[in-house]
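In the two complexes that follow, chain A is the common piece, with chain B as its partner first and chain C second.
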Partner chain A sequence: MLKFVVRRLMMLVVTLFVASFAIYSAMYLAPGNPIAALLGGRTPTPEAIAVLEERYHLNDPFIVRYLRWVGGALRGDFGVSIQLRQEVSTLISQRIGTTVQLVLYASLIIVVVGVALGIVGGLRKGVLDNVVIVATTVSAAVPSFVASIILLSVFAVNLGWFPALGTGEGFVDQLRHLTLPAVALAFSSIALVARITRSAVREELSREHVQTAVSRGIPYRTVVRRHVMRNAAIPITTVVGITVASLFAASAVVERAFSLNGIGAYLIQAALSKDIAVVQGISLVIVAIFVVVNAIVDFLYAVLDPRVSLGASAA
Partner chain B sequence: MSAIELDPTVVGPVPATRRWRGVPGLRGTGVAGHLSALVLAIAGVVAVFGQWLAPHDPDLTNLSYAFVGPIEGHPLGFDSQGRDLLSRILAGARSSLLGPTAVVTLAMIVGTFLAVATAWKGGRFDRWVSAGLDVLFAFPAIVLAIIVSVIVEPSLMSATIALSIAYTPYIARVLRSAALRERARDYIAALEVQGLRAWIICVRHLGRNLLPLIVAQGAVLFGYAMVDLAAISFLGLGVRPPQADWGVMVSTGQSGVLQGYPLESLSAGVCIIAVVIAVNILGERLTERANSVTR
Partner chain C sequence: MSDAFLELQQVTVRLPISGELRTVLHDVSFRIAPGEAVGLVGESGSGKSMTARAVARLLPPGAESSGTVLFAGNDVAALKGAALRAFRAEVAVVFQDPRAHINPVRTIGDFMTEALRTNHDVSRADAAAKAVSLLAEVGIADGQRRLEQHPHELSGGLLQRVMIATALLTEPKLLLADEPTTALDVTTQSDVMAILDELRRERGMSMLFITHDLELAGAVCDRTAVMYAGQLVEERTSSALHDDPLHPYTAGLVGARPRIDGDVVRLSAIPGRPRSAFEAPAGCAFNDRCVHVVDDCVASRPALEPLDGGSVRCHRAVELRGRLQEGAAHG
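The block that comes next holds the complex of A and B.
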């Protein structure tokens, strides 16, 4: 087990370093002159250019600048937005709360609705199962931004039950503002989780030990709880984890549709205005979250299914 | 004599029941699979001929008709610029379908090549390529598209390239395990003993046996590519307005939604959903069929 954890952690660190290098060097290729962006149209003296180059370390070799950036990133310092003259870490920390709230809210919806639908479809063959299949086939095909538009149109504009845009003040009001975006973000992922849950439940139901338990007269509810769900939890945990990890990137689209002030919407704004330092910083944060959550899923998987760690140490 | 007996599509040994078993290539996908293929065929025709099918000029603005609802000759009404919506939907099918097609083609070619090569070579080559693909896995498609949009001017092309890169590791991983299974079969060893060159075995035999899975994966991927590309265009990092495109139309229609005129966004959104549902069902059925054949 320890060996598995150490190996996985090393993989995590290596992935993050390679990813950070890829992000930094990709942005290095981006066209545009930071000096021109700093001066905003004024004609500078050569001395002024030299001072600016010195201050922003523009003359250092590429590898030195990368190492300085990644060293800072490890301490939570992502450099300065040249356009806004503000710390990127400040800009991120002002906005990451909204994104985290939105992702957690959506995750909650995905887990509750997705797993419930999957269990219903898995345990009840026939009409209910068919309803689940049709519902998930449709919801899997609804992109988050189309779901956003439909929810906005129906519940915000026509019925007026929820506010259309913005983040809101105070906990209850924030919850109200985030409800439609969270549903939009969750919509297509619910289908994925429900499908995996359904087939996991089906597979466990057909196992011999489950049929033995049923034939020995153990109450069905107990069999489902103790034998079916406990084993089905392994694939369900995996799919929920991977889904939640991907939500941080996907939330950019929903934040944009609902004018929410999260890091995703800010990443897009920065990309459109070519604010390089911000794009680098937020990209790295999103990739890091994605990689870390995936690693946590792998650990959970090993905890839930002891065979995994055995397989890893044998390899 | 019934018409079915004359059907030229029924070939080979006469089945026990002389029912029509479906279009060749779609057999075993059921009614839902055939209906999905029909939807996709219609979408394909619109994508190719949409410009000529459009009853009006999709780019002709007439502000006096802005947000006018459905009237005679204009079954979907007009957008915020007074352009005919039906014409824009028809004209927009092209970029909305061309993009995912290009993404799937590119990712499939590179992904299949990497999968077969790593499964064939094994060893250090396999480890390094797989490790590289694992790193690429860490980049969500949207983030990759955003990074690419900063380096080059955002367009359908840049979004297509970004998504192709993002999907390649996924394809390579799925096909690599299938190729490994196939590589261990006896017929491959037999061909090697006969002295056939590796790439001929890979292309003619291994590749051909992977084809059902490749097609099925392509269908599944098409759905994802369509959604992601439309999302990127929605964000303004792919196809740019005023060009007619479904993803762009969902975005430009958003101001109308808030004013109570949701038809532009909704009709474009429904088109995306319909195509994605069709392609998902077809992909699912084809995957089931591919798995039942190879096992």
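The block that comes next holds the complex of A and C.
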């Protein structure tokens, strides 16, 4: 088990380095001139350009600039925002709380609703299963920006049950403000989790070892809990993990629709205003979260499936 | 009548196969006395396993069945709740493939003691102690360590011993052994079979032993029944079946065995391929492969008639008696 963890952590570090390089070079190659963005349309003197290039190290070779950036990122320093002239790390930390809350809330909805729908569809054949299939097909087809608009118009504007914009103050008020965004963010992922859960439950139900348990007189509910759900938890964990990890990136659309001040909405804003240091910083944070969540899922996987850790120690 | 412990009366099972209900078992009747072992022999798809599943109430979803299965005088289909759990404890199943039939993510200890802990209110420690002593009986000495392991850490032979030990934990009165050695390699087959046979005899359990090995069935069973296309075609004491087969199909099976003590000759084979019950021709199910076929065999389906202490489903059984084996040898 220890070997497995160490190996997995090393993979995580390598992945992060590769990702950071990809992010940095993508930004480097992207069209647009940071100095022009900085000056906002004024025509600079050559001396001014030279000063700015010196200050932002724009004349150093690519690899030197990358290493300087990665070295800073390792210490939590992502540089300075050209637009706001503030530390990128400060700007991110002011906004990341909202995103984390939103993603956690949406994840909770995805797990509870998705897994519940999947279990119902998997165990019950007939009408209930068909309802689940239709519902998940519909929700899978609705992108989060459409879900946001519908939820806003129905529950915020027409019914007035939830606020339309902002994050709110205090826990209960925040929860109220985040409910619609969380539902919008969760909407299509619920379908994915429900479908995977349904087919995992179906598959486990048809396993021979489930028949063994039935033949020994174990009550049906216990068989479902100890054998069907226990074994189906392995694929369910995988899909939930990947879904939750990808929500950090997907939240950008929803945050913008509901005017939430999170890192996703800020990423869009920074990209539009060519605030390269911010885009790089947020991208790296999102990738890091994705990679870490995936590593956690892998550890869970090893805990849930005894065959996995053996494979790793034998390798 | 009264000595029957397990009795099947005209059991017919139909399964939904590619959209329509098809007969997989047709009019199967036999009985097993207390302490008796009965072998059920047949080719793949002949309905052997389905018979065991009908007894154990493990028919696949959507199955339709008629006829009666009586266990200790009770109609198995009518059992519910506590009575059903009691039945499940008294009838233990040893499955063919232990690796598929044991949950891979739970420990051997969980698997073995689950029924005792769940249905018999035995404490975890007591159940584990009992499991260890039964593991010792099936030849696994370090039982305590094995209980902590997962199925993938054990070989197929060990797992099947675990399966047998587990089946015996609830002290059943009837064992349904569904090809318990087929998934094992040849060297472990005989060990596992010997253990199963010995433990069964010691405990005086009844057994329905399903195999496609006529020889093996003869070695461990008092009586042997032969199935073809979802029907019983012959059912007699194992030695009589072997020396004096009454049904042409049985004679074909006997003739298709290699002999260990004689000269090596080309083995005779039954022409054609095995039929499932729903593919069987009208009249006698075996008529399209039988070398002794006459018009009667196509016109009407023979009934399972008593003959010489057993029973046989063949119009020409009396007439062909004693001539079948030469026929098979030349056919």
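FYI, the second predicted complex is superposed on the first by the 284 of 315 C-alpha atoms of A that agree within 3 Å, B and C clash if a C-alpha of one lies under 4 Å from a C-alpha of the other, contacts with A are read in each partner's own complex, and residues count from 1 in each chain.
Simple rule for what comes next: a residue touches a chain if its C-beta (ideal position, glycine included) is under 8 Å from a C-beta of that chain, and two chains touch if they have at least 3 such contacts.
A quick note: this is a predicted structure, and the numbers were derived from the prediction, not measured.
**Student:** Could you classify chain B and chain C on chain A, in the superposed arrangement, as clash or fit?
**Tutor:** fit
**Student:** Check the residue A:Leu58 against both partner chains and state whether it touches chain B (first), chain C (second), both, or neither.
**Tutor:** After superposition on chain A, A:Leu58 lies in contact with neither partner.
**Student:** Applying the touch criterion given at the start, work out whether A:Val100 contacts chain B, chain C, both or neither, answering first, second, both or neither.
**Tutor:** neither
**Student:** Have a look at where A:Ala30 lands relative to chain B and chain C in the superposition and call it first, second, both or neither.
**Tutor:** first
**Student:** Please work out whether A:Ala140 is in contact with chain B alone, chain C alone, both, or neither, and reply first, second, both or neither.
**Tutor:** first
**Student:** Give the label of whichever partner, chain B or chain C, reaches more residues of chain A.
**Tutor:** With both complexes superposed on chain A, more residues of chain A are touched by B.
**Student:** Quick check on the superposed pair: does A:Val5 touch chain B, chain C, both, or neither? Answer first, second, both or neither.
**Tutor:** neither
**Student:** For the combined overlay, can you note the least CA distance between chain B and chain C, rounded to whole Å?
**Tutor:** Checking C-alpha atoms only, chain B sits 13 Å from chain C at its nearest point.
**Student:** What residues of chain A sit close enough to touch chain C in their complex?
**Tutor:** 207-209, 211-219, 222, 226-227, 230-231, 234, 304-307, 310
**Student:** Which bits of chain A are touching chain B when the two form their complex?
**Tutor:** My answer: residues 11, 15-16, 18-19, 22-23, 26-27, 29-31, 137-138, 140-146, 149-150, 152-153, 157-158, 164-165, 188, 246, 248-250, 252-253, 256-257, 267-268, 271-272, 274, 276, 279, 283, 286-287, 290-291.
**Student:** Which bits of chain C are touching chain A when the two form their complex?
**Tutor:** So the residues of chain C touching chain A come out as 56, 58, 84-85, 87-89, 92-93, 95, 97, 100-106, 114-115, 118-119, 150, 152-153, 170.
**Student:** Which chain B residues qualify as touching chain A in the complex?
**Tutor:** Touching chain A: residues 134-135, 138-143, 146-151, 223, 227, 230-231, 234-237, 247, 250-251, 253-254, 257-258, 260, 262, 265-266, 269, 272-273, 276-277, 280-281 of chain B.
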